[in-house]
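Structure provided below as structure tokens; questions to follow.
By letter and in written order, the chains are A, B, C, D and E; residue numbering begins at 1 in each of them.
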Amino acid sequence: MVEAVLFVMMALSALAGAVTVVVARNTVYSAMGLLATLFSVAVLYVVQLAHLVAAVQVIVYAGAVMTLFLFVIMLIGVDLSEDLDEHLPRQRLWVGGLAGLVVALAAIVTLSGEFVWVPAATAQTNPESTNGTVQAVAVPLFTEWVLAFEATALLLTIAAAGAIALAHFRRVRV
Amino acid sequence: MVAASWYMGLAAALFMIGALGMLLRRNALVMFMCIELMLNAVNLTLISAGRVLNDINGQVAVFFILVVAAAEVVVGLAIIVAIFRRRATASVDELSELRG
Amino acid sequence: MIDLLWLVIALPLAGAIFLHFFGRSLKGSLSGWLASAAIGGALVVAFVAAIPFFEGGESGTVVFLWDWMPAIGASLEILWDPLAALMALVVTGVGTLIHVFAIGYMHGDQRFSRFFTYLNLFAASMLTLVLAGNYAMLFLGWELVGLCSYLLIGFWHTRPSAAAAAKKALVVNRIGDLGLMVALMLIFTTFGTLSYSGVFERAGAELSTGLATAIGLLILLGAAGKSAQIPLYVWLPDAMEGPTPVSALIHAATMVTAGVYVIARSATIYQLSPVAQITVATIGAFTAIWAASIAIAQRDIKRVLAYSTVSQLGYMFLAVGTTAYVAGIFHLMTNAFFKALLFLGAGSVIHAMSGEQDMHKMGGLFKKMPTTAVTMGIATLAIAGIPPLAGFWSKDEILASVYARGGWFSFLWILGLVTALITAFYMTRQWVLVFLGERRWDQDKHPHESPRVMTLPLIALAALSVVGGLVNTPYFARLEQFLEPSFELVDMQQPPEGELLALVLAGLAVLAAVGGIAAGFLSYRRPRERWLDFEQGFGPLWGAWEGAYRVDDLYGVALVAPGKRAAELTAFGFDLKVIDGAVNGVANVVRSAGDWARTLQTGFVRNYGVMFLGGALIVVIWLVAGSS
Amino acid sequence: MLTALILLPVVAAVIVALVPSRRREMHLSLGVALSVAPLALAGYLFSAFEPAAGYQFVERAVWYQPWGISWYLGVDGISLPMILLTALLVPIALGASSAITVRTKEFVVYTLLLEAGLIGSFLALDLFLFFVFFEVILVPMYFIIGIWGGERRIYAAVKFFIYTAFGSALLLAAIIALAFNYASQFGAPSFALDDLMNLDLSAGVELWLFVAFALAFAIKVPLFPLHTWLPDAHVEAPTAGSVLLAGVLLKLGTYGLLRFNLGLFPETSVDAVQIMGIVAVIGIIYGAVVAIVQPDLKRLVAYSSVSHLGFIVLGTFALTSGSLQGAMIQNVNHGLTTGALFLLVGMIYERRHTKQISDFGGLQKVMPLFAGFFLFMAFASIGLPGLNGFVGEFLVLIGSYATLPALTVFAAVGVVLAAIYLLWAYERVFTGVPDKEDNLGLKDLSVREIALLSPLAVLVVILGLYPAVLLDKITPSTEAVLDRIEATTSYVVPAPGRISDVLMAGPTE
Amino acid sequence: MIPTPEVSWIAIAPDLVLAIGAAAVLLVEVQWKPPARILGYVTAATLVMAIVLSGLQWALAGDAVATGNQGTLLAFSNMITMDGLAIFARFALLVATGLGLLAGWRFVEGLGRRGAECLALVLLATTGFSIMVASNNLVMMFLGLEVGSIALYVLAGMTKERAESDEAAIKYFLLGSFASALFIYGVALIYAGTGLFGILDIRRFFSAFLVTSPAVIYIGTGLVIAGLGFKISAAPFHSWAPDVYQGAPAGIVGYMAAVAKIAGFVAISRVLLVALGDLDATWLPVVAGVAALSMLVGAILALVQGDVRRMLAYSGVAHAGFIMTGVVGGATDGVLFYLAIYSIQLVGAFAVVAVVSGFGGARSSIDDYRGLARRSPGLAACFTVLLLGMAGLPLTSGFVAKFGVFSDAWANEYQWLVVVAVLASVIAFAFYVRLIVVMYMEAGEGEQLAVRGPVRWVLGLAVLATVVWGIFPASLLDLAADALPL
């Protein structure tokens, strides 16, 4: 019951945030919308017992990433709020078409009747097995997923090196 | 409990909003946020799926996606900044010399 | 001797090859004498080889040379039988004389030796034709003589008219050859061989009448092309563009008779198809009178002879069509004599008049060149059919046989008789116009008798024209017995039985001849104005004759021009525009498709996004839809 | 030995390539000299060849086992004349290329590589190998046309390349299909011709494969209406290019039809006799008619090729001893006569730098030797008896009548048309008084040019009067083709289509 | 009490070496600021060592297969494999990297101090892709993909001197992350459908159970195909390729294109042929459709390009279609052979482009190639061979490759695809030939182009590979045939 209420609320705010991201004229609003979504999704994680993930979501995303976003927004001008009317010919038309396609897809899967999101779902969910405590997540993360974990190191290296390579040496203006 | 399908439906919705937003906005930053939206939708999907599958790996995978997202943000913002330095705009529509 | 027979062909051929490569280095008229020697040698060989036939009874042998196209049973082989022998003798005999004559006639031409190269080559080809042992080889000779006539008509290649005439001759002949070719296809598919022996032995047994008719008519088409019969005679008059000895040898004496020869050769096939026979005879008769009527009004001395040749060939076709083969061959022979004589005489005149060919510009040449005049006179009488000259016997036998066949042939007989009269008339006209009356030539001309080397052949031929007919008279049918073996498989049309009838027919023929001669003599042995009025008297008819009924123009308008236009349409309209257009069209379609697709590559990343997401969704939908 | 025959030109090409580019004059002469070696080897091959059915001098080496491809060479009566022709024409073509003054080295190299490719494709008994050569040939030819051609050379070269590549693309698909069918029937894939001959294909499959093969080869031949690349290619190509193109390249098409279509798909071939016959005859008439009014000598000869090759295709599909022999002989003839005609056109072009008929007139007076050769070759190509052209056409016509009477009669019309277009052209170019002053100064043939033409002329006469030299070697193989068709299908060559009937039919001597 | 993770050093040895090499380059740079040459040697040493170690892996894999205990080829609790497919692909990646760096060496030098970052990024990208091809787990694959891709995004924007470079970078980046998002969402859905990330696990899952309502899995599959289709620039996911190829620095484009294609295709083969092998009835037609579309779009669009790099990009799209034909053929060996020789030719071709139109330049108009045969015959000849190789003319490895994939597809009952493919290759002929026309048959002015430095080696090797493997393909074909996935 509680879960249901939370889900509805959070789902709505998440969607609202998402929509804001897309339609807000000012980038800052978009950022805020994204923030809202992130938080609500985080809540949904908690609801689903993914505690650690939720925490990381808030810290990494809402913390680091969004800050970064805001920095850049500041950098390139907060006040710049763009007009939303479309310049590309027929772009909105196309997007509408795509939305139509999505609807079509939805229609197909629902009309086909036996669309199940998780066909392999077990009849009886056992909260313990997915109780995302630090330990519960850490054990697989450092045993069977250890290689992937190491690989993320590469990602960060690249991020660093890349950022330097791109942002460096700006004195040369062309 | 709320059936996983609701969560995943929500995720799908978020994903599509992100995807379509990506096509609707010409501000690189916003497009970028849309990608973040999409990735979040993925995370939500994984977690909800993992929950009904009694499988923790769903949550584990989310970590990696978070890292990837972070890395992308760093590089992406770097690129955006670089471009902004050159042309004082974040609109991708103005970057269309290469075509045909 | 038989095994040396190949020499008959080889000698002239060797002569031709030798002259081709070394002729230019020979001095004076040496190459001419060499050529004459070559064909003379051939004559000797042929004669010696023919001796057995004179005793008679000898039916002929096949001399195998080598395999040519085994798959269709065509090898190079000589069939040496009386008919072949006779033809060989005529060709080599007349040929030799004309070679000699040409030495004088062509004297001083800078392509003198080349001329004799061609003459020898022609002799070789003609002999190949008549000595062939199968249809394939006959076709070989058949085409080669065509080639030679092409080369010789166009000998003076700087004259556009000559070149055009040469091409015309070859093309028209080719049209005829088409018929012969198809005939050969039929023969091969029926008998599985092309060799005379094979075909004739089995023709009676295996050839259906319909097939025989088909083959007969197709052969006739070929023959009509070679022998200038309706409707393919148009090339012969133009062929007079060639040097006169050529006209004499090829377009009077020998090559043009190939048609008659091939029909006579295929007698066994015609044997089975009365239709074919009648067609041949009718074509012949009509050609005879048609050409004769044209000959009346010609002014060019050679054109008169040309049309008279056509007309005489018509006689021969009439004969072979009536299955009076011996008569046909007989006339072929006699005609070879006096027609060659006439041409050479004409040549001598032209030579004397330094190239003048218009009879209106001649006259009174008798005193200037008596030998020529007399010999030509003899020839005129001979062709007119005055006994006992050669022409009389052969023509009489033909007419008699035709009459004897009866039915439709009686009508043809009348045509023949009328033709005889006309022939006598225009030949006389020619002789009178040239040799008698007042001189009408310009001052700068100094006519003179031709040198010995030219007159001697004239005399020889004159002699032949006189006595040549005696080899086959109702009283002394030597030739008949001679040729008998070649026609043992066919039953020939004989002249009617009974002294009286024979005499009456002969009398009629003579009457026609005399009448014609008289008419010609009376109307032209008068001052110029008179006979000009006489000609005007005919009104438009004369114009029609003089213009040869405008058949050439008709062909030009009806066939040549439309054909050319059609070809141009196909080439520049259809081929270039439609077909090649389609090819390039495909290329352009692809290219323009590319140009259109480029416009999708707008350079706007969000458009790309649309494309991307759209593609993804389609793939997804396809998968989902495809799975269920 | 066959491998050597293929490699000799390659080696020659390498040698020429090693000569420094400055020594321009050397390249051509060296090329001619070296290209005589393959000729000699081919000559030896010819003499050593036993007139019997089946392949001889077979060489086989596995190329890649899992795919069943192998370096599989062999020669029989059908490929033998082709190889000889190729080896003969290359030195002549090179010898006639004195006009090539730029990048001579490359030219010689390309020509020699072309020779290697041509010989290879005639020798290949493995379809994969055949395809390799068949396709590789395009490149040197493409360069020869594109670099040393006339004004519109690039258009012509690209058209030639793409058009023929299109054909071979289908061929490739068909070959893959064959190998796959073989694999499904016999376990392992194989591209060897004799293996594939044992396939039994369903009628539908066989039909499609036949179409693919026929299309590829029809483009090469070329058959109406796929011929339009030919005139362009010929007109633009340099003399040597035209000679080899007409002389040998086109023969790949007719060769392929005879070797592969008849060999691999007897059933369909028999069914296709009528259609192919019709196409061929259309080509004969059409090519001739179009040739009549061509204003450009080379274009005229090119269209005459279309007409002549029609005879070959007709003969091929008429399926009688005579017609097949005729087709083979005609392959050689056309190579000799048309090759010679292109040489002649090239020679006059070098002197006068135009090919327009209207620019000439009265040449016989100025250059009698040239005129003589031209007339000679023209008559050979018209099919004058005593010259080779006749033997081919006559065999084809007489032979084909048994199976395709009506069509054959139409085909015979082509013979008349040939006389028209060639003689008319001759009349306009050579006869009359030479009026245009540019023509007055023209030199007659040089010794070198005569030396180039004479061998062709001699062969023309020899083949015309004593074709046995070739027929003896060809016949067993062509007969074998017919035997196989009669054995594998219900088709029986109508009498007297087979030589046996003829020999039975009574006295030819 | 956390169990110790199972570690197999040999399984990741090459990747480890590459990563370390990258780090080393950066550190050396920071520490000593040596001349670029030194860094080059470090990189070279890294690559060589990686190749050697891969060879060692190959040997081990061979033994394992021979002795029948393939299980040993899985490492890090089935996270990564050491199977032939992975190793062969890694070979190809390393070779492409080596050649690519040689070809772009002048570009790297031109970057001055930033050359180190460039080298490091290249090595890291290779590491990422080499992980991607070896990964036996979809998330692992995603990580590898991202490592490689992000590095490439940066490389695309490497030259700061040109606006096009930025544009290329941002386009590549935005669309790339978009594609990644789709990919990982697809993975998530597959996970939802099966509860598994492991590729072999998924395979076992499908061979064991029949999923009652698999729609979600197919949606996932579709998204994965789309995501990987982006990497291999298959139509309709290709639109970034021409712009990026043109905008990115010429020196490095060849490398970028090659490694992305190799990794992408190996990944596709793993996902489709291994993981979803039992569902092929459903995805074969779709993949065939994508293949056909790619071939046609690529060929036709390449036909109308005026810029050589765009042309090569579109031809790359066409090639993606051809290789996809091999995937439809259902066998990896054809795909691997094609990838190997195509990547080499691609690097070679771009090396030529770099020489002709400058290592940093963005414009490489076809006019720059007029009369190249006169200006520098060697270069023109090499380019011609490479072009003919890509066109798939017999006696070049390109033909063998095409032949291989075509016959696979035919054997797999996709005849129509083969017919489309051959027709497309005819169209492809047209534009390759067009370049040759420009080089050989059109008079062009312009200075003599001297080919200096390591580019010569690249061209030499590329031509050698094209010709030698075109005539004697057996060696490489056998390798490819042995390089089977687990």
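Keep this in mind: a residue touches a chain if its C-beta (ideal position, glycine included) is under 8 Å from a C-beta of that chain, and two chains touch if they have at least 3 such contacts.
Nothing here was measured: the structure is a model prediction, and the numbers come from that model.
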Looking at the contacts, which chains touch chain A and chain D alike?
C, E
Report the most central chain, judged by the distance from each chain's C-alpha mean to the global C-alpha mean.
D
Any idea whether A-E or A-B has more C-beta pairs in contact?
A-B
Centroid comparison with chain C (C-alpha atoms), farthest chain:
A
Separation of mean Cα positions, chain C and chain A [Å, integer]
101
From the mean C-alpha coordinate of chain B to that of chain C, what's the distance rounded to whole Å?
97
Between the Cα centroids of chain D and chain E the separation in whole angstrom comes to 44
On a C-alpha centroid basis, what's the spacing between chain B and chain E, in Å?
26
Multi-partner residues of chain C (each touching 2 or more other chains)
587, 598, 601-607, 609-610, 613-614, 618, 620-621, 624, 628
Hunt down the residues of chain E that sit against at least two other chains at once, touch-wise.
139, 143, 146, 150, 153-154, 157, 160, 163, 169-171, 174, 178, 182, 192, 195, 214-215, 219, 242-243, 430
Give me the residues of chain A that touch two or more other chains.
88, 91, 94-95, 98, 102, 105, 109, 112, 116-118, 120, 145, 148, 152, 155, 158-159, 162, 166, 170, 174
All pairs of touching chains, each written as two labels joined by a dash:
A-B, A-C, A-E, B-C, B-E, C-D, C-E, D-E
Taking the touch rule as given, give the residues of chain A at its contact with chain C in the complex, in rising order.
88, 91, 94-95, 97-98, 101-102, 104-105, 108-109, 112
Chain C partner contacts - residues on chain D that touch it in the complex
159, 162-163, 225, 227-229, 286, 289-290, 292-294, 320-322, 325-326, 362, 364-365, 379, 384-386, 390-391, 394-395, 397-399, 401-402, 405, 408-409, 412-413, 415-416, 419-420, 423-424, 426-427, 430-433, 465-468, 471, 475, 495-496, 499, 501-509
Seen from chain D, its contact residues with chain E in the complex are 63-67, 128, 131-133, 135-136, 138-139, 142-143, 146-147, 153-154, 157-158, 161-162, 165-166, 169-170, 172-173, 176-177, 179-180, 183, 189
Touching chain D in the complex: which residues of chain E?
388, 393-395, 399, 403, 406-407, 410-411, 415, 418-419, 422-423, 425-426, 429-430, 433-434, 437, 440-442, 473-474, 477, 481
In the complex of these two chains, what residues of chain B are touching chain E?
8, 15, 18-19, 22, 28, 31-32, 35, 38-39, 41-42, 45-46, 49-50, 53, 55, 57-58, 61, 64-65, 68, 71-72, 75-76, 79-80, 82-83, 86-87, 92, 95-100
